[in-house]
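Take a look at the structures listed below.
Here subunit A shows up in two complexes: once beside subunit B, once beside subunit C.
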Partner chain A sequence: MDAAVKLGIYVPHFCWHRKLSIAANCRMCLVQVEKAPKPLPACATPVADGMKVHTHSELAVSAQKGVMEFLLINHPLDCPICDQGGECQLQDLAVGYGASGSRYGEPKRVVFHKNLGPLVSAEEMTRCIHCTRCVRFGQEIAGVMELGMMGRGEHSEIVTFVGRTVDSELSGNMIDLCPVGALTSKPFRYAARTWELARRKSVSPHDALGSNLVVQVKGDRVMRVLPLDNEAVNECWISDKDRFSYEALGSDERLTAPRVKHNGEWREVDWPTALDVVARGLKDIAAKHGGNAIGVLASPHATLEELALVARLARGLGSESVDHRLRQSDFSDDGALAGVPWLGMPIAEVGAQDRVLVVGSFLRKDHPLIAARLRLAAKRGTQVSMLHAVDDDWLMPVAHKAIVAPSLVPATLAGIVVAAAKGAGRPAPPALAGVVPSPSAEAIAASLLSGSKRAVFLGNAAVQHADAARIRALAQALADIVGGTLGTLVESANAIGAALVDAQSGAGGLDAQAMLADPRKAYVLLHAEPEFDCANPVAARAALGKADLVVVMSPFAHGTSYADVLLPVAPFTETAGTFVNCEGRLQSFNGVVKPAGETRPAWKVLRVLGTLLDLEGFAFESVDDVRRALTPDAGAIAHRLSNATSMPVTAPAAHPAPLERVADVPIYFADPLVRRAASLQLTADAKPPRARVHRALLEKLGIADGAQVRIRQGRGEAVVAAMVDAAVPPGVVRLAAAHASTCGLEGLSGPVTVERA
Partner chain B sequence: MNAPREFLDFGPDAVLLAGLNGDNWRLADYVKRGGYEALAKILSAKVPPAAVVAEVKKSALRGRGGAGFPTGLKWSFMPQQYAGDKYVVCNSDEGEPGTFKDRDILRYNPHSLIEGMAIAAYAMGCARGYNYIHGEIWDVYERCEEAVAEAYAAGFLGKDILGSGFDFQLHNHHGFGAYICGEETALLESLEGKKGQPRFKPPFPASYGLYGRPTTINNTETFASVPWIVRHGGEWFLNLGRPNNGGTKIFSVSGDVERPGNYEVRLGTPFARLLEMAGGVRGGRRLKAVIPGGSSAPVLPAAIMMATDMDYDSIAKAGSMLGSGAVIVMDETRCMVKSLCRLSYFYYEESCGQCTPCREGTGWLWRMVDRIENGEGRQEDLDLLNSVSDNIMGRTICALGDAAAMPVKSFVKHFRDEFQHHIDHKRCVVAPYL
Partner chain C sequence: MLSADARARIDREIAKYPADQRQSAVMSALAIAQREQGWLSTAAIDEVASILGMPPVAVYEVATFYAMYDLKPTGRFKLTVCTNLPCALSGGAAAAEHLKARLGVDFGETTPDGRFTLREGECMGACGDAPVLLVNNLRMESWAGGEKLDRLVDELAAAADRGEGAPRGGEGGR
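Take a look at the complex of A and B:
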């Protein structure tokens, strides 16, 4: 089959898929091989020297037609009412290989529908042709077998485990893989026919992979999102977040006209009025309190053009307080970094490493497709090790694990450095003289030293760590000692882009954390929702509440309690823009639909605002002008990417609190779009956060599993259900951030107390 | 557990089953009959493994499970220099309708299998073996467990067997009764704890078998023949039968005969003689047809059968196959439509469902035959039966598809008039007898 594909010869098939193992079960690809006594499946027959294969001979075609007849006898031939109609592999191939009438006069099989959860519909399992692509995808790519084939013969059915749903963060790919109408998209079901949809290219605005998308549009509505093949980036997959977040675009919370708060009341106004209010407000505050009284919090999910303009606007007003690193809490190495932290290698290289250490990452949920690449590598023999605060299940063989409380992560990493130095016969950094490696640190160091291609990756939790600068310096020392690459997994779609266009605090300015700790007079929020997107939501709410002017630029009516002006700006589907992904790949895209209502692309809004403020350098005609003028070209980016730090390695001071919090940012709470995507919010991953703790803690406190507990952190508190979780070490409370129930807590980590609520 | 004595008559030429009375299955009895001499001989004389394989080749022993593949040749496919674990697996998942010979070997002479597997393991350099026993014969599994325990206790299994330094661990595994698990790669899947579904071949088990290691799988009767071959020489075994058809073979004779049972005869014995041993056709009726090699083998009409000898090549020449050696005898009162209907239902139920032609086709075949049997046949059905069978045969992952198609084709071929009668008259041609 591979040979046929290479030669451009089409052999009909269903079960074969280039990214999955060979099943050879559909038999559609039977071909004639000279000297073979019977037709052989092209997918499972290795090419041999001198082999002669006829893919379209009489024998081959008659075998293929025979199989097609079998596939159709029990298949409902009601394509007009099937959701897959028009994009169905069986329908297409039946045109070429099916007969016009059926010889089958017996009753047809009926297979009961199944509930696979909110994303994948299995309402019409009678259509299933048992190719097992979905099953193999689960086992091989997603890493978890949530679907299997039960029963024998004609009674074979694709099922979940009893009462369970399909919860993988990659589940939507099964819809693409399914060659018939058995597995379809639940949100999209019966919403449109494929031929009614226009296909437009785009780029995912969520994680830092920058998955390439095909956004399918009917009129002015985004109807669904599918992957666009790009072997170097997302291969042929996308995560469910990329696929289903489009539902937020039609959310009731969409802001469709500018609004201004007048005497405590919201009024819809036209754009000139709204922008006039903003321009005058900002100008007054800059005049009265100085430019630095204005803080700009920009989302790292905003486009490069938007970020470049908002940074220029802030600086035009005399403020250096602009930042996109909203969840970061340690900025002490700002002056020490040689460049913009990045993956350290092309995405495609991740799977080619022999030895990998991932420090502080909820890998599966934070980087679903990087995890998939590492998973395949781990199956091929790559040793992947983990240093993390919880024993997170990455659904792959993990060679060695060091699971310690967050405050002990730097000390444990220092232990790995010392062990690796000893193993490599090299001197350890002098500052680590007293460090004694733990057995797990020794094991990780030995693993790293044993391979030839090695990498140390810093996950989101490492970058967001209160001691992040030290962790980075230690990770760099480790990478140097083992002769490996240091990489940063990068949190969001355009974090690198934001850094490249300096949408982060400069000299004399305040960083994201400081400008909330030390409240500003005015804030401009670009796509940011600080109570969910910032490291310290309590400080964020306090600072925003006190400010004289808060300008919210968002597709959604958000922050109405603290905002003074709401400006409806376009989400990624309604504006042209650019994202720079974790490997530094610059990917531009166009808007796929018209902006909703009075929504305007943020780059246009910022351009007008700059002009209204009489600032230099805002005279752009088009988004291309902005891009040309303000953003680095692809070649220049490579020179600016670096994970190197000049921070010296220092001995970590381990002062573990009796109880510390570790906060994951759940995949479907992570950004404003996913938070409003209705179907994603129905998934298991979107359940309200629970305080996950070690059993011993609940026993000590006399609290039952599942009972409500009060968690206190800093000035804040939250009441949530407690849950025993064997993956959480003693002394740690895992409680997710970015959710309304936990945004009363200060910081993603730090000491907490737990008591009965 | 013990069968009535009169059924323990295995024939005058019996080798594997000779002298068995139902009670003398234990190790001590086996040793008295010369058991474990072969194993001791090769271990003490340090016979090179290749020489054992050569002896088996010389014997012309062919696989007794159904395919009739030369055993020695199969053994020689195992990579001798392979560094890791290799396995030897016995297929005692005797599920072919009409076949009940392995059950009796395991019941009455389990040590012949154990010794045969140990010799095979020695010849192929395997340190571990599994005996996969059919799921529906619990008492036989228990007996095998007892026999294996005896062999371990006596030092014929385990570490350093008979002080030779050769290790062999043997485990019995009780299946769950799925017919498909008798297919060797489905058996391996099942043994690994997975759903029993055949694997696509190549790779063959000799290179990628149990747990991905080189593995040889043979039938119970095949292994049980090995000690005799080693003891008496390949030549002796070959001479029991005919060239290319060495040894004796146990035939499970069932159906319309006076004395159904297992009969061990020399390969090449005329069918007429076998029928005579089984007491002839029941009630003195006329013979109508015989399925000579288990339900998957094509049916043959009486005239052809009576002129055929019971060996691999002769039966193949007659248009069927020796298969597992299950001889299903049908007299003149048997309705061939009803018989086929039952067979087709069996394959429909037992198809694993993995690949399309078998999953969809077996149900189609059965439904058509069922309609014909029940007076709802259509004129075009007979050709359609043939056509659907042709679309299944040779198009599937394993041989179950062929096994389902061959009876249909042969029944329709040899007894088309009976099917036609059902279609035309909506009743059976043999109805007067019933």
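Take a look at the complex of A and C:
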């Protein structure tokens, strides 16, 4: 089959897929091979020297027609009401290989529908032709076998184990893989026909991979999102977050006209009025309190053009307090970084490493497709090791694990550095003289030294760590000693872009954390929702509440308690823009639909605002002008990417608190768009966070599993249900951030107390 | 929960295969679980899956594929009659009809007293002995027709009353 594809010869098939193992169970690809006594399946027959294969001979075609007749025996004739109609492989091939009538007069079989959860619909399993692509996808790519084929022969059915749901963060790909209408998209169900939809290219605004998308549009509505093949980025997959977040675009919370708060009451106004209020307000505050009294918090999911303009606006007003690193809490190496932290290698190289250490990452949920690449590599023999605060299940063979409380992560990493230096016969950094590696640190170091291509990756939890600068310096030392590459997995779609256009605090300015700890007079929020997106939501709410002017630029009406002006700006589907992904790839896209209501692209809003404020350098005609003038080109980006730090390696002081928090940012709470995507919010990953703790802790406190507990952190507290989790080490409470129930807590890490609520 | 004895027997099966291929023991593990509990409940399949480190749905695939695994409780004695062509022509069909009449149940059903379950089986590889039937997957009866069937049913009914045969719902058993 691969040979036929290479030669451009089409052989009909259902179960064969270039990214999955060969099953040879649909038999549609039967071909005639000379000297073979019977037709052979093209997918499972290796090519041999001198082999003569006829793909379209009389024998081959009659075999293919025979298979088609069998497939159609039990397939319902419900194409007119089938969601797959028009993009169905069976429908297409039946035109070529099916007979015009059926010779089968007996009753057809009926397969009962199943509930697989909120994303994948299995309402019409009678349509299934048992190609097992969905089963193999689960086993091979998603790493978790949630679907299986029960029974045999005519009684086979695709099922989950006794009514369980499919919870993988990659499950939507099964919909694409299904060659018939058995697995379809639940949110898209009965919404449109494929031929009614316009297909427009776009780029995912969520994780740092920058998956390429096809956004399908009917009129002015985004109807669904599918992957666009790009071998170098997302292959042919996308995560469920990329696929289903479009539902937020039609959310009730969409802001469709500018609003201004007048004497405590919200009023819809026109754009000139709203922008006038903003311009006068900002000008007043800059004049009275100086430019630095204005703080700008920009989401790293905003486009490059928006970030460039908002940074220019801040600096035009005399403020250096502009930042996109909302969840970061250690900024001490700001002057020490040689460039913008990035993956350290092309995405395709991630799977080609022999030895990998991932420090501080909820890998599956933070980087679903990077995890899929590492999973395939691990199955081929790559040793993937983990240094993390919880024993997160990455659904792949993990060679060695060091699971320690967050405050001990630097010390453990130092141990790995010392062990690796000893193993490599090289001197360890002198500052680490007193460090004694733990057995798991020794094992990880030995693993890293054994392969030829090695990489150390810093995950989101490492970058957000309270001691992130030290971790980076230690990771660099480790990569140097083992002769490997240091990479950062990068938090969000445009974090690199934001750094490239300098949407972060400069000399004399305050960083994202400082400008909330030390309240400013005015804040401009670009796509950011600080109560969920910032490291310290308590400080964020306090600072915003005290400010004289808070300007919210967002597609959604939020922050009404602290905002003074709400400006509706376009989400990624309604504006042109650019994202720079984790490998530094510059990907531009155009808007796919018209902005909703009075919504305007943020770059236009910022341009007008700049002009109103009489600032230099805002005279742009188009988004291309902005891009050309303010953003670096692909060649310049490559020179500015670097993970190197000049911070010296220092010995970590390990003073663990009796109980520390580790906070994941759950995949479906991570940015404003996914938080409002209705179907994603129904998944298992979007359940309200629970305080996951070691069994011993609950026993010590005399609290039952599932009981409500009160968690205190800093000035804040939260009441949530406790849950015993064997993956959490003693002394650690895993409690997710970015959720309404936990945003009363200060910081993503740090000491906490737990008591019965 | 499986007994310590069953766990030990499963461990013995696992030891027959390389350490990274524990899943090879899935069929014997399921058979051991079934012999102990009489049938394979969801909990039993889950337990076998966790012992072998397999996804539960993969164990379920195996359990549903092979006809000898029972996913519902059976009677003390499960009679599986071969109705494939050689048997059917040599009295298998008649034997099945005879048993249906005698026990008052159809294929796949259990008698109300819980003593017998009747099953339709596939070829047992002994066509020369047709008709053949299996008792509880292990004991094969050859030339099983007419009076011989009645004697067999009488014998097993008596055994069932003594508490022999497959364990039923929570009881212990051999």
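Note that in this section the second predicted complex is superposed on the first by the 757 of 757 C-alpha atoms of A that agree within 3 Å, B and C clash if a C-alpha of one lies under 4 Å from a C-alpha of the other, contacts with A are read in each partner's own complex, and residues count from 1 in each chain.
By our rule, contacts are C-beta pairs under 8 Å (C-beta built on N, C-alpha and C of every residue); 3 or more make two chains touch, one makes a residue touch a chain.
Since the structure is predicted, the reported quantities are computational estimates derived from the model, not experimental observations.
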Clash or fit, subunit B versus subunit C on superposed subunit A: clash
Which superposed partner A:271 touches (first subunit B, second subunit C, both, neither): neither
Subunit B versus subunit C as contact partner of A:44, first or second or both or neither: first
Touching partner for A:152 - first (subunit B), second (subunit C), both, neither: both
Partner chain(s) touched by A:144 [first = subunit B, second = subunit C, both, neither]: second
First, second, both or neither for A:160, with subunit B first and subunit C second: second
Segment of subunit B intruding into subunit C (one of 151-159, 187-195, 367-375 or 403-411): 187-195
Touching both subunit B and subunit C, residues of subunit A: 149, 151-152
Touching residues (chain side subunit C, partner subunit A) in the complex: 42, 45-46, 55-58, 60-61, 64-65
Parts of subunit A lying in touch with subunit B, wherever the complex brings them together: 22-28, 30, 37-39, 41, 44, 46, 63, 66-67, 69-71, 73-74, 103-107, 109, 129-130, 149, 151-156
Subunit A contact footprint on subunit B (complex, rising order): 178, 180, 195, 200, 202, 348-364, 367-368, 371, 378, 384, 387, 390-391, 394-397
Interface residues, subunit A side, partner subunit C - complex: 144-152, 159-162, 164
